[in-house]
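So, here's a batch of structures to check.
Next come two complexes, and both contain subunit A; in the first it sits with subunit B, in the second with subunit C.
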Partner chain A sequence: MTEPGIPRPSVAYRILARRRLAVIGVVGGLVAASLLADVLTGPAGLSLSEVLSVLLDPESASGSYRTIVWTLRLPTALMAVLVGASLGVAGAEMQTILDNPLASPFTLGVSAAASFGAALVMVFGASASAVSTALLVPLGAFTWAMLCSLAIYGIGRIRGGSRETIIVGGVALHFIFSSGVAFLQYIASEDTLQAIVFWIFGTLQGATWRKLAVIGGVLVAAMMLLTVRTWQLTALRFGENHARSLGIDVQRLRLQTLVLVSILTGTAVCFTGAIGFIGLVAPHLARMSVGEDQRFFMPLSALYGALLVSAAAIVSKSLVPGTIFPIGIATAALGAPFFASLALVRRRTYW
Partner chain B sequence: MILEAHQLSFGYGSAKVLEGVDVKIGPGVTAVIGPNAAGKSTLLKCLCGLLRPQGRVCLDGCELRSLDSATLAQRVSHLSQDFSSRAVLTVFETVLLGRLHQLGWRVTPDEVRIVEQLLDEMDLNQLAGRYVNELSSGQVQMVAIAQALAREPAVLLMDEPTSNLDLRRQFEVCTLIRKLTDSRGISTAIALHDLNLAARFADTICVLQNGRVRCSGPPGTVLTEAMITAVYQVEARTTPDEQGRPIVTVLGPSPAIRESTNEQVSTLRIKNRMS
Partner chain C sequence: MVRKTIVLVLLVACVAGVSVWRLGSSSSSRSNPAPSARTVRVTDLAGRDVTIRKPVERIVLMRSLNIYELAAVLGDELGGKLIGWDSSLKTGDLDAHRKFVERFPQLKDATILGDVLRDTVSAEAVLALNPDLVIMSTSMLERKSRSLEQLEQAGVPLLYLDFSDPFKGPQRSLLLLGQVLDKETQAQAIVHWIDRELDKVFSRLEKIESKVPTLYLEAGTQGAGRYGNTFGRDGQGKAVNWGSVMDQVRCRNVAADAVSGLYGMAVIRPEFLLKADPQVIVVTGAHWTAFPDSLHLGYDAEAAKARGLLREFATRPGWADLQAVKNRRVYGIHTRFGSHVTSFAAAQQLAKWLYPTDFQDLEPEAALRRFHDKFMPIGFSGTWMVGIDDD
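Our next item is the complex of A and B:
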């Protein structure tokens, strides 16, 4: 029945799957390359062979080189990759469960709540020592991000978990927390104000191996839990009622995913501040490359997120030599025009 | 498998949609007909467990409530009217997702073969690689039907599966549903507006009116001129075809309706004149 020259549907399906795996491989390679380039960039002017020898054989390298690569550059570069991947996955799943192309950790107020939590600690915890501030600020950010998600969860429960109520609730929370941050800035001292503003800009500095372990652990756990639900999440794209006809408990799936995604976002932003736009752009790029089969869509969203933040980190280091531009500014400044151009040049409809 | 409902009642808030409905789906094809808002869609949703009505729904004597959602979804396949085709998924992937509860991380050759056979059977294999968000509404409907069949259910419930299809496709879909019902020995219920399709393809017709079963039975006994006038408020002629199944010709609104419409028009005229 098939015309000659056109492969059988089963063969075409296998070819498509292989092509998608290849795309994931290529983007994964680009992430690795970007990671290496990120480690190479910096004021100390280390060459590729020097960096490689320190990376591959840290024991025989000189002390200062080892500090630059292993304590400063590599953790920061890995932080970019892990935070980008977390935000990419979070954005992808938020867009899936809320059936909305504009859903992202920003849209739902989770990032604003994190900023509020951080600012709250900075303003009222000023008397605490520097060490405890370093611990309390991420903790405050994470706590408030989770409180925000709990509020969204609660709103969703009351009204039966429909996507409209979750979005309306999220947008309302976003504005509430934004005004809270503005209020804290208003009452803050000049030094604290500066600290708050820098936190909101987002920064990758101050990355440590311990922080990396936390973010990495949460990312892996969240991706594994999402993988269990991979077909259900894919089927959710046929619409809520149709998914229910297919035997999916849509309300439970939506709320469980929302909680997972909130933990993921909360962990990522509590160490780095608000890095915008990744959660929005990465899923769109992934959707255009491999469609919405979650087996490919979710990992590729993570990889695109990692690539974008890593590239932005390189740009933020090289823009003004000797200084590090806040990464949040770089991601939004690069991401927004890029996002708009995606919408203008695309040939197919992706939403 | 036989799906049976006893004394089903359901309402959205205070508005009663179904009242004391007794219905038996299977063996063979049952067409559920009736005017808009008669409760056809609600009945099908109650029968597949999407809605929780008062009364009992039993699948081969086993209460629906006692089955878990995955088992239920595998045995009773419901094709809703609100299939959203915005997903960036190919037709093949869409049909494959009908096998949701059987799929593992790796899609097995068996699953792929089931989908491919179905696409062949429905003559959809030229569309297999196309994205569903780029198809016409008629094509989307065919894909949604294919997905419902990919579930290999024991009971198939379809809510107006022919609503977006042209005449040929309507006929083809009904023929296919008839064929699969017989070859797989499943029980099928289809909500339909077209009485002639119902007469031609169904073994049993169940007529709903205002949330109650008005009558049910074989097409020849149910589709009478009197029933059609009473339920649809139209005047109709039925003539038997060569196999004795009724062919329905709608002549126009029934006299009672015409008079009341005329009355409304004349009252309106009087009012207009007075103002």
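Our next item is the complex of A and C:
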């Protein structure tokens, strides 16, 4: 029946799936390697064997080595991976539900709202309350990110959840919060200004195991909830009418995913500050590699996001060894040329 | 119709002519006043020639955190003469602000101007105050501020002081202020006194031959929860502020090579510090209004509370293993000592912390109190230096 040399559709599908799984495996391996390299490098100049022995046998290690590896390096390195993965997934789903290649978790003002919340605490909140800023700043950032996404949700519901309304409403919110941040920067004292600017650029410092548990928990929960909707989301990319004809409640799906993505983004950025670019680029890289099938596309977006932030952390560490360099600057500086070269080298359009 | 137009044109020409004439005359009278007994020509600390009309009655202080030199020179006359400042004293050291405003209630009505460093000063607002003198500092020079250019063009006398070297700049600034404000004797007395206090440290430091101790100094703005700025060299490779203090008091600043940048400040990686393992750690404090966790030192600070905050720094991850913490050599000092007339207290206190046996006899706090009694219009109070184990 079938012509020789061309495999039967079911076989071809299996080969394709296997190839896609292989891509995920390779990128996953790169993330693991990057994570390891991140833990191995640092200004303290510990040797490979020293780090490994502290990692494998923390009990017998010296106090300061144990602190360097287990309290400073490992949480920071894991934070890079988890935040990158969160932003990658958030960006992937944002582009999917809005059917827009320029969408990212930050398009709809979520990051601007988080920055606004953090800046608000730094300028006004802190002096008025007895609670430590270390707690209040992430709380403010998260609260405002949620308020922003609730507003987008509200706007979306009023107009039947169409993409255009969500995008236009989100972009408007983005500019409102951006001007709010600019105003707070204007009135802030110079020490506060420095703190705000640092927050906006993003930093992985201050990572603790507890924060990692929160981000990791939210990431896993969000990915599980998205996995349930895998086929619906994949169908959405064929076009809204197409999806609707398959019996999918597009408005519901879009708004639910929007909320999920906002929680994911809000959780990630409230601890690290706005790390831009990842949410935009990681999904594109994933799409180039495996296409739109959500079963592969979503996890690969997460892995690419993790890889980008982790690599940026290593690069910034080797460029500026002693002092803390805002990670957000490094991710964009590193990711943009990488992304552009990939997009230019490809002949086929993939969107 | 034609007649109407001609009248209009004439009218416009008249108005324009008059205003041009007025502008011309006012700018020429301001930027180039005829030398008389009532003007003085000085070279300020940025090397600019400035002509100032005397007596100077209306002073604008562009950065209110730089108030100490002006207050010491003017003494009780400060309140009547200072008519405009910025909000940096209020946000950067609320205690000092409260103290000055309490002593001189008229300062409550002093106009609050914008920030030169962020170019938010309105030249018009400064002109409206009709100041005889606008006090700047050389740290503002790098910012090419448009409004400053406008002020210069309008002939407002801008006088640059220099605090980049904490042990020499304040004295030169005091002498210049004394000359301009007709307080030369007072200024010389202060400078003489400060130099004597500094000499108690530097004359002896020269003779010390023991190993140079290592030091880490951090601005305690962010509190114990987050590492704050530490000091090194600025863009031109010059150590300023606390970086300069550390350069001069015979110690090795462990962050010196890691920190560089526009202001010579940066946050180091915690790991870097653990590896460097300094012998002495100093955290600077003040009353920063926006940072409730910061180390509070100054006129209203309580020693016990400050010590409690300082102890929190010692509980940062990994600090228990540092020799400075093990040997209980963790201290707090007021951040303003790094750049102002009170820098003698920084020199004495750091020398005492770094070389406890050599400088046993020094009493920096008593010296600071004497300085207030002798020269400052406000009295000494509060806590300015603190040790983790003081009683």
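Convention: the second predicted complex is superposed on the first by the 344 of 351 C-alpha atoms of A that agree within 3 Å, B and C clash if a C-alpha of one lies under 4 Å from a C-alpha of the other, contacts with A are read in each partner's own complex, and residues count from 1 in each chain.
We take it that a residue touches a chain if its C-beta (ideal position, glycine included) is under 8 Å from a C-beta of that chain, and two chains touch if they have at least 3 such contacts.
Source: prediction; values computed, not measured.
Once both complexes are superposed on subunit A, the partners subunit B and subunit C fit side by side without clashing. Applying the stated contact rule after C-alpha superposition, one finds that A:Arg295 touches subunit B and leaves subunit C untouched. Of the two partner chains, subunit B is the only one touched by A:Thr234; subunit C is not. Contact with neither subunit B nor subunit C is seen for A:Arg20 once the two complexes are overlaid on the shared chain.
Put simply, the three-chain overlay gives an angle of 140° at subunit A, taking C-alpha centres for subunit B and subunit C and rounding to the nearest 10. Touch criterion met: A:Ile6 reaches subunit B, while subunit C stays clear of it. After overlaying the two complexes on the shared chain, residue contacts for A:Gly63 are found with subunit C alone; subunit B is out of touch. Per the superposed model, the minimal spacing between any CA atom of subunit B and any CA atom of subunit C is 40 Å. Looking at the complex, you find that subunit A touches subunit B at residues 1-3, 6, 8-10, 12-14, 16, 227, 230-232, 234-235, 237-239, 241-242, 244-249, 287, 291-293, 295, 348-351. Per the touch definition, subunit C reaches subunit A in the complex via residues 87-88, 91-92, 115, 117-118, 120, 221-223, 225-227, 229, 255, 257-259, 266-272, 274-275, 277, 288-293, 317-318, 320-322.
For subunit B in complex with subunit A, the residues that touch the partner chain are 48, 50, 69-70, 72-74, 77-80, 82-90, 92-94, 97-98, 100-101, 103, 105, 112-113, 115-116, 119-120, 123, 125-126, 128-129, 131, 133-134, 144, 151. On the side of subunit A, the complex with subunit C involves touching residues 42-45, 62-64, 67-68, 71-73, 122-123, 126-127, 129-130, 132-134, 186, 188-195, 205-206, 317, 321-324.
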